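Two complexes follow with subunit A in common, the first pairing it with subunit B and the second with subunit C.
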Partner chain A sequence: MKRSNLVSRLELVSITKQYPGCLANDDISISLMPGEIHALLGENGAGKSTLVKTIYGVVSPDKGDIIWDGREVSIKSPSIARDLGIGMVFQHFSLFETLTVSQNIELCLSKTQLNAIGNLAERIVQLSKEYGLNVNPDRYVHSLSIGERQRVEIMRCLVQSVKLLILDEPTSVLTPQEVAGLFDVLRTLSKEGCSILFISHKLHEVTEICHKATILRGGRVVETCVPQEETPASIAKMMVGDLAEQDAGYAKKIGTKSLFNVNCLSLPAKQPFGTSLKDISFELKSGEILGVAGVAGNGQDELMAIISGEDERDVKNSLTLEDKAIGHLHAGDRRKLGMAYVPEERLGRGAVPDMSLTENTLLTHSDGFIKKGLVDWPSIQKYTETLIAKYKVKCHGEFSEAKSLSGGNLQKFIMGREIGQNPKVLICAHPTWGVDVGAALAIHQALLALRDQGAAILLISEDIDELFLLADRMAAVCDGHLSPVVKTESTNIDQIGQWMAGTFINSNNDFKGAKS
Partner chain B sequence: MIRIQARTEPSSMMKIASPLLAIVLTLIFGGILFSAIGKSPTQALHVLLIAPLADSYNIGEMFVKMGPLLLCAVGLSLCYRANMWNIGAEGQLLAGALGGSAMALYFVDSESAFALPITLLAGIASGMIWAAIPTFLKLKFNSNLILTTIMFNYIALYLLIWAVHGPLRDPQGFGFPESAMFSDATLLPTLFDSSRIHLGIVFAILSGVIGWFILSKTHLGFQIQVFGADEPAARYAGFSSKKLSWLVMLFAGALAGLAGVSETTGPIGQLVPNVSPGYGYSAIIVAYLGRLHPIGAILAAIFMAVLYMGGDLAQIEMGIPVAVVSMFQGVLLFFLLACDFFINNRLAFSNHATN
Partner chain C sequence: MDSDLIVQILFAAIKTGTPLLFIALGELICEKSGVLNLGQEGMMLMGAVVGFLAAYGTGSAGLGVLAAMLMGCLMSLIFAALVLHLGANQVATGLALTIFGTGLSAFVGSGVVGQTIQGFQPIAIPLLSDIPFIGKILFTHDILVYSSFAITFALLYVVNKTRIGLTLKAVGENPHAANAIGIKVLRVRYLSVMFGGVMAGMAGAYMSLVYTPMWVENMTAGRGWIALALVVFASWRVGRIMLGAYLFGLASIMHLVLQGLGWSISPNLLAMLPYVATVIVMVIISADQFKEKLLAPRSLGKPFDPRQMA
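Entry: the complex of A and B
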């Protein structure tokens, strides 16, 4: 039992939440002491987000009590949660790009809070110094990097004197150096008595920073542990059960012949806050995975769109497939030549939400299923069934709508669909983002199998560990520039991390000052 | 307290129920309106909705009106499925009537068996040209299709009026703005001796079946649906937005053009200024009432044709102004959109006082 001289900051007692067809939280009890950094772990759909939404007042539980500083409370809305001193940083930030930092922060404060603070900008500067957040109140949000924006979100919680900070996968968008900085902030907060609830998929981070961890599976608490006494492997086992295989090191391969080339590709941004591509060149070889690291928003989306042809601008000679220029071809024609893509957004781009899996198979895989312009639905249906079985996609059947699948399962389906076309070149963005450990393993193995068949794979990811695990050669993007490409064995997380922050740009002699 | 709450999933029940509910609400509204102007609501609704189906002559007339509505609505359904907001069926219909009539007048002394097919093709081609210009403007200059198609409706109307006052006017017509009566060789054959039902209704039903076939059986139809449901996915899959835009617009233009030429070579038999009582606009409502499904459009077109017929009868038998038809159409569209709101939203009844 807990020590009697200390009152828990937050205690959840038997929280239960039933959604139609799914028991999201089943009798969950957790307690957090002041200053405790507590990890909440579990696969997708284990009930983590429902639980934190309950704490933050977005979801009201069917049963169970919430005890805050020793007194039972009912948190009906996020504003009540904020009044209690609960702050939350969501995975997707909610900042207005066209406003400054202090304007953004002002927006979520009440009049009385503003009066109590006095000069907001000064308060931000002061807090910024205190916690090493390095947030300038006068800068516009669109000019901030993702890491800086996250610090603005944290600042937003700090100005309201937060006692419990909830972070939903905070590190998935950061460079390793930024992660280290974030952890320093969290440690300072913790020393001052602020409790932190930390959701993550990255287990080594949990063992590094968290005091305690609660592991959820199927809506229930299956285990609590002290992460420092565990290894990432043993925690992973608790999360997925004993059946899970572990991602071990995979053999690195050296590609044979050059398949796909990007030559001196420069392209101005299409969107106002987009990234221009600056003189990008690289080569994809048959039987090899090229990993591109980078914080989101540094040109990955633009690069993918121009390679796939979704960006319809003509860059004829900048893209070649087997020595033929393809930069002027329509996206559909590029697919016919053997290109395939796994996009970052699964629902709404990689798959049509309201269509069945059968229809979503036809979305990109029409080869052999169209006879004289007519769709051979029975064959697609059969093929979809084999895809579902082969990639262990959890769903009711081939008739299930794409939106009814969990993110990980839909990703397995999309991955299977693209790989099933035996592409020569696969461009794959963030393949395991938000995907649980079991599904990630399946996706990794599918990618490696495709590589071993002789395909060339471009793997764009924010997950550095994944890149080191899978990529045979590596590079990083920053602000639309591509770093030198090196063999994975000859680099390390530190160097790639520095490249992600752009250190290669100034040291690079042929940098032509294209940055505007 | 009643609140509006977003549904987690669109209600499939509401998708079907919404048009039926909208019709019921429209009738209730109509009943109230008729009693307000001192007419018996039951008699008025009877004349509007039942009388058009009461005898074989009326049923025949109903099918005559259903033809152009359905032809336009099938084309529009495909356009709207592909997110091409074509409001120009009326103009395409008028262009078809004009082009077809010009050809029919060329054959005015002919007895050739090819005269009718060539006349129909001329109407179809004119409708396609009228759809092609706004499509070109949209794809080339990114102009707003809604605006350009509406403008082209007016251009077509005034072009037609100019033609019947000028080059196509009947020289022996005592100056009336009408063309000469077409030769029998260019008139659509009627299906029964006793009624004006002509081949146009066969074209219309056929177009519904073809539209259904395209959407559900062909790869092109699948691509159209993906474009409407999820444009980023369509671009990701590499479907050509240009090709599909051309396809649906030309298809819609062809059907609307056919509707126009079928009117002039069918029940009218000559080119007159008022070829269409707004079929191309009403077809928009038919398309939505039919849930943008070609087969659904057949049922919706019957309903709308009944309303057109009923409006005529109500004027003759009860002295109710024929404008009541337009009003019914407007109210119907209003209720349909309102009911459609509840496909994605629902009312939540909660007692806020206890919270």
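Entry: the complex of A and C
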């Protein structure tokens, strides 16, 4: 390192953490210099989260030392971590929605810190200007967008004059423009000497911004590298190890006949923090994947709920399947007509956590497995076992409870279960969110195979790269509006990114924009 | 109606509303931290009987109140240990606590049923009580009513203006996030539940030492349940709890008032007024789901296990 004359900001020596049945961290050593942006990479379950939680004092390691600014420390709680100058931005934000921005920040500060700052609101405004964060201290958090919330989290760390900032998948919820903004902030911080530990699944981001990367696999450090000297593909290879094939470009298809239509769907929000749908129309054709991009919370959940029938309000003619109105039908009846869903929330919506995989299969697959009102357990068990084998779901067996599976494995299972019904229309939200590279590849191929059989697929995702990879046609949602639908080849990340930020709303729907 | 009668009605409304105020304030703090304690009625009954026994035995009403508060606290600790430590279901445990308290209080108090004691005497506050109209209504009560005023105003300040209030809200909304920023969630919840117990004990003491200075089996007559409704009615705001408690107090003495005015309505029908009012208020509030969700502590009733963080 060029700054080798300095003492490391943080050094982890042989950190080991054993959970029942799983060695999460196995003899991990890492060191970070002041001002270094260090990527922590690895598949799900590689031990990244455990490691950063150890640094932040949420998890205590079984073995190993933490050396901070050249001095051995024991970080027993997050408040000790914060006193040292360690700040963390969580993947699922730890903000309180019913409190204001400055109240949220105040909660993290000790009395002495508060006294040293004096007027907190003023300090927030000042820092906000300095780093271009645009955070208003008096707003209530529930009124903020996801990007703004993340900036509040970063502000929370800045106010404490942080020396090491840990970010857990910070870009997964941001528009491309917001990502660029975040990277500017990180670069400024780095220049001022703040070290940054950056967890991400998006490899091109790592090669763009990080000085160094540590790759974990199965709880061990398998490699360290300088990302600028690598390509996303070579890093992916280090993460997965025996990666045989990579997602390359897939052939785009043009859909044939129109299968599923949404016509002028407008719907007020049901939840206090929900989004109203505003005049949404699109057509889904047989044999195509329609990708819908958008930052979380812009109407995707509401759209999914009304299409699946989970939202029971009658929108009869706004939804048609093969020219038949289905907007008044019960969710179960829609399934019988050939609709299938993979919701974003795996536990609770996609699967019942406390039920076995077999029982979860039965929930959406009753046909053929119920004879004279009785469940034919042997055949459903057998069927579930074939699903597990076909989609390489890692579990103890068909009797495993859904909640015992890791996110990626459960997703593969749900995907297989839904595809197994040979649906005419599959609505699929964030299929690879939090899923590792290998599982994502399997899910992608399953989706493409289903498309090639003639199903129509609506793919809602926050991962733009994934959408460009899979979707034949694309659109974006913003604040409950749907952008124009275009062929994937005829658009680019820049345009979709602008649509995600809502630029299409005024240019296309002037009068509707004014109304809402 | 002449103004003397109105003064008397309002005076009585405050008196009747005071036990509701105590217990609802306790439940409010408890719920704000995300814990739903349905054991109010049981804690209150235990407070009432132990308070009465202590006062009966020592001859000091003050000691009675102290004993009642201690008993309420003890009862709430049973609840807290089961729910917070062992992760038991809050609703079931709360109901069990009520049943337990109802039975135990009847057993413990069986020897003193019908005995009377010297309760607290009203103290007219000099000067303030001379204010026409209001002075009579507000400032000629006993010491427990005055302390309920003081507690309400203290809570108004603590909940809305201090860091303790912020912490409480944070824990009730998102205990995992609170834990992540270093707030000791279980400790906050323990203290909140204990506060709820102490207040329930005071409410019980008010019943058996002031309101009707004697012990009768089941004398709280469902006030613990009304208090639960009252917290929802007040949409988890301290100020509205005070207002609501007096309104409910007023509703429950309406039958006496109307009888006094010579209306011939069955006293049984009138006695159920507060309960009807409770139902109506609950329906109105739940009809507006939008609002209910914004106001209620979001993690209310959900257990928090810090070990699940990892």
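Note that in this section the second predicted complex is superposed on the first by the 503 of 516 C-alpha atoms of A that agree within 3 Å, B and C clash if a C-alpha of one lies under 4 Å from a C-alpha of the other, contacts with A are read in each partner's own complex, and residues count from 1 in each chain.
As a convention for this text, contacts are C-beta pairs under 8 Å (C-beta built on N, C-alpha and C of every residue); 3 or more make two chains touch, one makes a residue touch a chain.
Nothing here was measured: the structure is a model prediction, and the numbers come from that model.
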Looking at A:Lys412, would you say it contacts subunit B, subunit C, both, or neither? Reply first, second, both or neither.
neither
According to the stated criteria, A:His330 is in contact with first (subunit B), second (subunit C), both, or neither; which is it?
first
Which partner does A:Arg149 contact after superposing on A: first (subunit B), second (subunit C), both, neither?
neither
A:Leu95 in the overlay: touching subunit B, subunit C, both, or neither? Say first, second, both or neither.
second
Would you sort A:Leu363 into first (subunit B), second (subunit C), both or neither based on which partner it touches?
first
With both complexes superposed on chain A, which partner does A:Gln271 reach: first (subunit B), second (subunit C), both or neither?
second
Check the contacts made with subunit A and report whether subunit B or subunit C touches more of its residues.
B
Report for A:Arg123: first if it touches subunit B alone, second if subunit C alone, otherwise both or neither.
neither
Kindly classify A:Val58 by the partners it touches after superposition: subunit B alone (first), subunit C alone (second), both, or neither?
second
Overlap the subunit B and subunit C contact sets on subunit A and report the shared residues.
none
Name, in rising order, each residue of subunit B that touches subunit A in their complex.
217-220, 222, 225-226, 229-230, 232-233, 235-240, 355
Subunit B partner, complex, touching residues on subunit A are 76, 308-310, 330-335, 341, 343, 345, 348-355, 359, 362-364, 366, 370, 373-375
Within their complex, subunit C touches subunit A through residues 163, 166-167, 169-170, 173-174, 176-183, 290-291, 293-294, 298, 309-310
Subunit A contacts subunit C in the complex at 19, 50, 53, 58-59, 77-79, 82, 88, 90, 93-99, 103, 106-108, 271-272
